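The following pair of complexes shares a single chain, chain A, combined with chain B in the former and chain C in the latter.
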Partner chain A sequence: MLAGYDALITTIALGAILAYSFHVVLMAGQLSLGQAGFASLAAYVSTLVVPTEPIAGSISPVIVGLPMGALVGAAAAFVVGLPVLRLRGVFLAIATIASAEMIRVLINNAEWTNGALGMRLDRWVTFDFAWAVVAVLAYLFWRLGPSRSGRAFAAVREDELAAGSMGVDVARTRMASFVASGAIAGVYGVMFAYFFGRITPVSFDFSLTVSGLVTAVLGGYLVFFGPVLGAVFLGAVPEVQNALGLEAGWIHPLVTGVLLLAVILFLPGGLSTLFARLRPAPARPGPDYAPLDALDPLPDPGTPLASVTGLAKSYGAVNAVRGVDLEIRAGEVLGVIGPNGAGKTTLVNMISGLEPPTAGEGTVLGVPIGSRPHRFAQAGVSRTFQHSKLFERLTVLDNVLVGTHVVSRSTYLRRLLWLPSARRDERRALALAWAQLERVGLADRAAARPGALSYGDRRRLEIARALAAHPTLLILDEPAAGMNHVEALELAGLIRGLADDGVTVLFIEHNVKMVLDACTRLVVLDFGEVIAEGEPREVAADPRVVEAYLGTEHEESEHV
Partner chain B sequence: MLQQLANGVFAGSIYALFAIGFTLVFGVLRHLNLAHPAVFTAGAFIGIEVAARTAIPIWILFPVVALFGALAGVLVERIAFRPLRGRDDEHFAGLISSVALGGVVIALLQARYGTDPQHFAADYFPNRLFEVAGVRVTLTQLVTLGLALVLMLGLAWLVSATSLGRSMRAVAENPTAAKVLGVNVGRVTAGTYALSSALGTVAGALLALNLGQAGRDLGASIELVGFAVIILGGLGSLWGAMAAGVVLGVAEALTIHLFDSTWKSMVAFALLFAVLVLRPRGLFGHVKVREV
Partner chain C sequence: MRLKSTTGAVLAAAALLATGACVSEDTNEASSDSALSGSGTGADCTIDETVKIGAVFSLTEAAAFAGTYQQEGLALGFEELNAAGGITYEVIQEDDKTSVEDSVAAFGKLIDRDEVSAIVGPTLSNMAFTTYTDAESAGVPALGVSTTAEGIPEMGDYIFRASLPEEVALAASIPAAKEALGLTKVAVLYDNADEFTTSAANTIKDVLNDENIEIVAEETFETADTDFAAQLTSVLEAEPDAVILSALPGATVPLVKQARNLGIEAPIVGGNAFNSPVLVGALEDASEGLIVGGAWSAASDTTGNAEFIANYTEKYGRAPDQFAAQAYTAAYLLDQAIRADCDANREAIKDNLGQILEYDSILGPISIDEGGEVTQEPVVQIVHDGAFTLL
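Coming up: the complex of A and B.
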């Protein structure tokens, strides 16, 4: 039945391999389009090592070329990645396209590549060989999806700031996806060379990039076999047209274009959308929360956690924070209040690594101020944001699972080998995540997307995600903003409960009643400076504070 | 040497025309319209056909081509971008939908014109040769340069001084606020695409006039250089794109002069790469870096 379709089936496999090299960067949200260059380098270099005769009589000699190709592709991606990975979005896309074009021109002008004439090679890639490679790739991505690394990729794709604050090393994750993409592109290049039996610089021009990107996006990143879906679709459409008796020529590209357009317009997430819906809802683990007992104990009350002196931040001529000294001790609930623009958010951004200070120094849980966010997260700082930064295309449960990043170990390599310890670690992360969802009362929304939650529930979800990191110091930036009175009261109760569990809390809030209810110590900021600090009721009665901030409220309370 | 410089300026003015249409849409709407090269190609074919059928003079030909282009631009927006509005993958999906639509446009061109390149009739436009200070220029090149200058200055005037231009700048700054203040965002969007594609089709027809012919890969051949131009100029910056187009044209001409033509695109991309790494906002741009 397959007779006569060998070439088509192999072409589809090659299309899928190319698409995987785009899939892996798209998973991490990086629009990186240099794959054609990495593929061509790998293809040309592999011709230097691939033997001309089958190995041991029957094994395809390309088997030698594949690791070589992967290595060359990965190395090239690393070298290109060092300068370009600072770029984002369309700038990254165009810088990587430029790198591919430069490689093409170099190959075109080199002696050993035979320039524009290219090379003729033996055709060693058969369709079973090609599909074996696809199967290996599909396996690698299947095991990656629900692993700690797979979640880190998704978190970086959805929101880099939030990912960093959850302990994901954003720069490393982006580089990892970039290098993996280079390696897969390298494998593609070698397969291409020994399937078509001929390589020229033109084989790896911009149209290759477009076709790889289109295949990957068409397939979608929601399921691990998305690239295969895309390749089968694009490979099959011309065949189906032939079978229907449609003439070749302009009708084929027209139909392909229209179908592609239809998929993109009507199926966000590509063809994988059709399969992602089949996925079962996440199962709540039984009453078995035993793994949680193994979490590290939190520091004893009174232990100094953070100490900063002279912390300052200015944006041009605006001094947002001016010389703030702050000590935080374990077990306290520290409220930070102040008028709008007093520098509260800037202050917590500096002590969680989101912004470097312009002056001042200190450490938070041993991490020097000015380090990158994931360092603070790994040390035990976890935070929420004033404007919630949830991973919008992940489920509620997956959002919280990302939070477990810093208290779990990488499971990907062990998952590849089906080691039981990987399964244990994933179960533990799942139990930890479910426990937080229950803690904030969102367990029955686990399968929903954040977009479907009410405003108050979104804030709760952010808190659950932060708690999943088992933080020593939890920073909440206006957690009650937009909540109604009842929700705010519940939240105050939750915060006090956290303190009872030994979590140290620093929270910024405008709802003064809630702050006075929940905190054990109060700091008041105005114009970037600490104007009062101490026992909440006393501070609230301080005339300077009243003048700066509580004016009207104080008058009201006097009349009562 | 001087001759090479002049050739570079002529080539660069076409790059610039191609690129300002491209960068206009990005600057106002943050869309990267990858159907633009196909529209550019369509402009060349339409120009050749209209010239062959009606024998209208060249100063009527380009407005006619621009009309077709404006219409095509409105369609591109309606088909490839409007349905995606508000989706969380809007920018990303727009890349792919516009690639797909570009493919459809090229297929339609193939349906109408076949696979062979189309030619302007040899006597359509008298290609007189001038010699100024030892530099030879053709009439076509002069027309190209003149038209490109007029169109670019016209666009700059339109954006800075007319009510449509004001609305476009408002939408570029903040679409939501513009809408609240009563700007008809739908109309501005359509207008931006119409302008962009009109410029693109005229650029295509001009390039075809210079080459004497046009094939289906005309747009693809200039696409990457177009990227380089808009980045060098600073994404979304009109003046930057104009300047960068000429800079790149001259740089290419000099490379051909000093090395040979196989190194031509190396200069564009090495320059592009260096600028992106060292100065991501472009040589002239000050547009805010925005994610796609």
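Coming up: the complex of A and C.
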């Protein structure tokens, strides 16, 4: 039945493998296009190690080439990644394309590769072998999706800043996706070489990059089987046209192009959008889970958590923050207020690692000021943003699950082997996330996307995500902005409840009434300096504060 | 995270090892269909069943400049043969889109689904190196009409070609140019990113060596280059008697034009890829004095050539080139092989295609030996006033 189709079926499998090498970088939001170079390097190097006779009588000798190809591809990606992964977006794309071109020129001019004349090899790759490789890749990505690492990839793709603040090591995650992409491209290179039996430097030119990228995007990179869908679609369309009796020639590429355009326009998540409804709705975990079990106890009230001195930040001639000394003790609810532009957000950005200070020093939960954000997050600092930074393409529940990153263990490898402990860990993370959703009152929206939430709900979701990290110090940047009075009141209650649970809270707010209700201590900033500090009601009565913060005109109606 | 992903890759490899994908044994079974063998011999041969011939050419993308001519030439050939009667041919035409993937898929389709008696093509040697292994293991005779690279006929018993190898074309055009122009020192320019042109450049250097012609400049460029000022300047400084060029049509046009603009007056000598009226048209005045070695010339008075040119031009509205002429000849060669035993089965075609001796074609007398290699007299032409004339 397959007679006459096996070449086609094998090329579809190869297309899927190539697309997976793009899938893995797109999953992490990286537009990296150097795969053709890694594939070609791996293909050529593998010819040095693959034996010319079947192993043990019947095993395809390519079995030796695959790990070699993966290794070469991964190593090349690592070396290229060190310099180019500082770049993002279109700049990363250009740099990676340049790296592929460099590899092509190198191979074209090397002696051992036989230059442009290329190499002829035995054709050892059969269609069952190719599909076995696709099956393994699909399995790897299937198990990756709902694991801690898979969520880290998605978080980096959606918002690097928020991902870092949730404890995801952004640089390492990007490098991991880049190296994995190199390894898969390497496997593709070897498969290519031993299926077509012939490689020339031109085999791995820019058109290969384009076809891999198109297949990956067409299939969709939000589900694990996207590349297979894309490859089958692109492979089947010309065949269907033949079956329908359409003449070959220019009509075929035209029809394929029109279909491609239709998919991109009407199915933004690629063909996999058609299968989106198959995802089960998230359900409340069973009652047998006590989610806060086995979480580290929070420090006793009064323990010093953070201490910074002389903290300053200037942007050119503008001094956003000037010489701020600050001490935070466990159990406090510390409010930071000040007029717009007083430097409040800059201050919390520095103590959560988002911005390095220009002067000053200190530690937050033992992490020196100036470290990268994920270090603070891992130490127990969790935060929200003035303009909420949610992972827009993840569900509400998945947003909160990313928050559990720092308090859960990596599950990917154990998931591959179906170890029960991985399942336990995932269910624990789920229970923890669900508990936070219930805490902020969003449990009934678990399956929605953030875009479908009201403004107030989005702020609550961000708080739930921050809480899922089981933070010692929770930083809230204007959490009540955009909330009505009732919602703000509820929020103040929530914050006091957190303090009762032992969470230390630092929050920036304009709503003075809420600040007075919730805070145990108040710091007032003006023009980047601390102008008052102490018990909230005393501070609020301080004439300097009234002048600086409220101005001479009493605009209290807006804030109270 | 990195650790996890790399360990994942190791696991993947381990899983693959466990599956132990095996190499299947290729069976070379010769199936024979009695309906494909007829009665009578030679010109009187009659076969009842339609004989299916597969054709794989690059009709779109990079090599379409050749593939479309080949498709037309082959179709014209079989049309004339069908009109002659006795045997009815059906050409099943596939487009390989100038890609190896599609070429392999097309061969798979023709061999197993359409069950053709023989295959003509593909356009490029690069693809033939992959697809001919499939034809060989399936036992389907494959006849190349533009696969000029070294080593193609050696790929197997079922592999033949009616396309003059590049080294033969060059080995004729260089001595002819030497004799006509008195060459003593030349410059060699070639595309070192393309397999065909690199292979030809190696041949060129060997021939020059045999002819005791000195190479005073050797420059390379890449297929997609458009600016050749650096290479041409050093060619100009070397003051060669002639420039030997090995390039694909895409680079040839800008290169020759830039050479003439830069003041390189020396004649330019090229191989098979030059032999196209389209190329001469695109070059306009710059084509004057180009010396081209090839398998066919519109100016030759070989048997049926004038008729072929007239019929082709009438049918397709453009003049044929070498690609069309060779594909047209392939139709007649296959017909010869089938009529020899009046048998259109794959085995019979394979046996008889290797026996063709001095068949009188529009390319001149042409022979194919048992090894699959073609023998014919190359023609050397020079462009005068925008037309090819024999040198």
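Structure notes:
Criterion: the second predicted complex is superposed on the first by the 549 of 560 C-alpha atoms of A that agree within 3 Å, B and C clash if a C-alpha of one lies under 4 Å from a C-alpha of the other, contacts with A are read in each partner's own complex, and residues count from 1 in each chain.
One rule holds in what follows: contacts are C-beta pairs under 8 Å (C-beta built on N, C-alpha and C of every residue); 3 or more make two chains touch, one makes a residue touch a chain.
These numbers were taken from a predicted model, which means no experiment stands behind them.
Of the two partner chains placed by superposition, chain B and chain C are both touched by A:253.
Of the two partner chains, chain C is the only one touched by A:410; chain B is not. Contact with chain B, but none with chain C, is seen for A:102 once the two complexes are overlaid on the shared chain. In the superposition on chain A, A:120 contacts chain C only, with no contact to chain B.
When the two structures are aligned on the shared chain, A:393 is found in touch with chain B, with no touch to chain C.
By the document's definition of touching, neither partner reaches A:154: not chain B, not chain C. More residues of chain A lie in contact with C than with the other chain of the pair chain B and chain C.
In the overlay built on the shared chain, the residue A:336 is in contact with neither chain B nor chain C. In the superposed pair of complexes, A:84 makes contact with chain B only, with no contact to chain C.
Contacts of A:229 after superposition on the shared chain: neither chain B nor chain C is touched. Residues 108-109, 116, 249-250, 252-253 of chain A touch chain B in one complex and chain C in the other.
Chain contact summary for the complex, chain C toward chain A: residues 1-2, 4-13, 15-17, 19-24, 59-60, 93-95, 97, 100-101, 104-105, 107-109, 111-114, 126, 129-130, 133-134, 191-195, 197-199, 223.
Of all the residues in chain A, the ones that touch chain B in their complex are 31, 83-84, 86-91, 93-95, 97-99, 101-102, 105-106, 108-109, 116, 206-207, 210, 213-214, 217-218, 249-254, 256-258, 260-261, 264-265, 268-269, 392-393.
Of all residues in chain A, those touching chain C in their complex are 3-8, 11, 14, 54, 58-60, 63, 66-67, 70, 74, 108-109, 115-118, 120, 123-124, 126, 128-129, 132-133, 136-137, 139-140, 144, 149, 152, 169, 172-173, 175-177, 179-180, 183, 196-198, 200-203, 248-250, 252-253, 410, 412-413, 416. By the touch criterion given at the top, residues 26, 32, 79-80, 83-84, 87-89, 91-93, 95-97, 99-104, 106-108, 110-111, 115, 220, 223-224, 227-228, 231, 235, 262-263, 265-266, 269-270, 272-273, 276-277, 280, 289-292 of chain B touch chain A in their complex.
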